[in-house]
């Protein structure tokens, strides 16, 4: 089982901004709001061209939010050692039409093994109790020799 | 949105036993333990040939437990009106090896619409905190004219 | 079972451009290349900022290609009657790193019922035989009263 | 990439019968019919109690057929080296009601890496062209030190 050290919101944000600045290409709309033990919460602000073709939040934008949020939770748990983790599967169920508002993703990691990590992500429009979409995701963890031990 | 009446454990058990006794073919090992608002808990006892080829609990047995438990939660919420609901998708992630013990499924319905119901099921070995498997499932709800209004 | 009329590439392209121009927001990079009986092929050109943060093709871009291509195949089969179909589930497996080239999606519809359509999408980098990603998708078909009969 | 040696139907059958006889607990109904390069075909005969509670073929039976068939294809490709591979994910779409007949699974491996193998399985009722169910599956490949090199 993995160590249970948990990074702060600031530490995870810094890790991503320095290693994957391209995630914010087109304008920063993804903000890490909370890191817990095997959990994370991320907000996607509703102020960008990229999320609202046609006035609603697009499927690809929700995909990106779910995938990014899962990665945030992994970094929160393992720090730089998880930087090279890669998505192998995402299963997305679209449940209700998103509102034209900020969206929040709540992640819960279900398993973090040496080789695979599995978790779920619930997406909500801020201010509404109905889940907009639900994802389960699997990441392949980096092989031991690829793990960074310093940020 | 559907009505929020909730059947009791006894009512759901009776509905299934009278309409789908074949689910217990080979010996009754599935027991409804709890019905909540859009939730259900079901136990699969570890005493049958059918669940333990090789000494562990088989994938098909876990599939059956997950699928059955989701159906239980639907019946708990909608009663006989949901009897003709059918599984359209199950996505199962296997997380850790099950113990040679009873297994418990905890269901949470995420959306119950007129046409589709979506939910998630967490499977645990009794006495262990680690999730053994996680499923998301989709059921097609019966068309209006097929819904039973009396048990 | 649905009718088996098949629209041409031009007809499907025109339907999308007139009803969902927002899919091309940021620059047109998705091109319908072929429509067959329950099949479609769509190309995503590698010339846009939106697909290549970091020099590779992003997960959200692949999600968009898979989702769009499935929709193209539905329109190819049913024409304007399918315009209001909506994605309910996409399950994406990422298999190999995409090349920095155009990407092609090949769709095969597995079932097109009155309520649900299910199919699979294979994504390739042009010029490479290895599948980059594989998706299965489910769409909810529009209720009868919402179906358009004229483009 | 893995070697492309392909075992025969007889060799795969023998491997399974000697290492996992429990898969046939309750009576042998699963028969390997064909092994190709990254493909396999398996038949589930319709003569057992276990597949037909209520007169139709159960979801768990279809799950078992899909999972088993994928494993057969892996063994066909890699031989005993793949014996310790384990299922990590199965995503099953149920498309049409199975007939009360034998069912055939056709597997296609999409990727076989050092750590993960991904593939798809199509299930048909013998004699009908409509796909009954479609699965995508992921297996975790055994770590190097667990791979058997002799049957």
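Think of it as A, B, C and D in the order they're written, each chain with its own count starting at 1.
Operating definition for what follows: a contact is a pair of C-beta atoms (placed from the backbone, for glycine too) under 8 Å apart; a residue touches a chain by one contact, two chains touch by 3 or more.
Fair warning: this is a prediction, and the values are worked out from it, not measured in the lab.
Asker: Compare the CA centroid of subunit D with every other chain's and tell me the farthest one.
Answerer: Farthest from subunit D by mean C-alpha position: A.
Asker: Using just the Cα atoms, superpose subunit A onto subunit B and tell me the rotation angle to the nearest 5°.
Answerer: Resulting rotation angle: about 180 degrees.
Asker: With chain centres defined as C-alpha means, what is the inter-centre distance between subunit A and subunit B in Å?
Answerer: 29
Asker: So what's the Cα centroid distance for subunit A and subunit D, whole Å?
Answerer: That pair's centroid distance is 34 Å.
Asker: For subunit B and subunit D, let me know how many angstrom lie between their CA-based centres, rounded off.
Answerer: Comparing mean C-alpha positions, subunit D is 25 Å from subunit B.
Asker: Would you pick out the residues of subunit A that each touch at least 2 other chains?
Answerer: 88-89, 91, 93, 138
Asker: Can you tell me, using the touch rule above, whether these chains form a line, ring, star, complete graph or other shape?
Answerer: Contact pattern: complete, every chain touching every other.
Asker: Which residues of subunit D touch subunit A in the complex?
Answerer: 88-89, 91, 115-116, 138, 140
Asker: Going by the contact rule at the top, pick out the subunit A residues touching subunit B in the complex.
Answerer: Contact set of subunit A toward subunit B: 91, 93, 95-96, 110-111, 118, 120, 122, 130-131, 134, 136, 138.
Asker: In the complex formed with subunit B, which residues of subunit D make contact?
Answerer: Residues 20, 22-23, 25-26, 49-50, 53-54, 58-61, 63-64, 67, 86-94.
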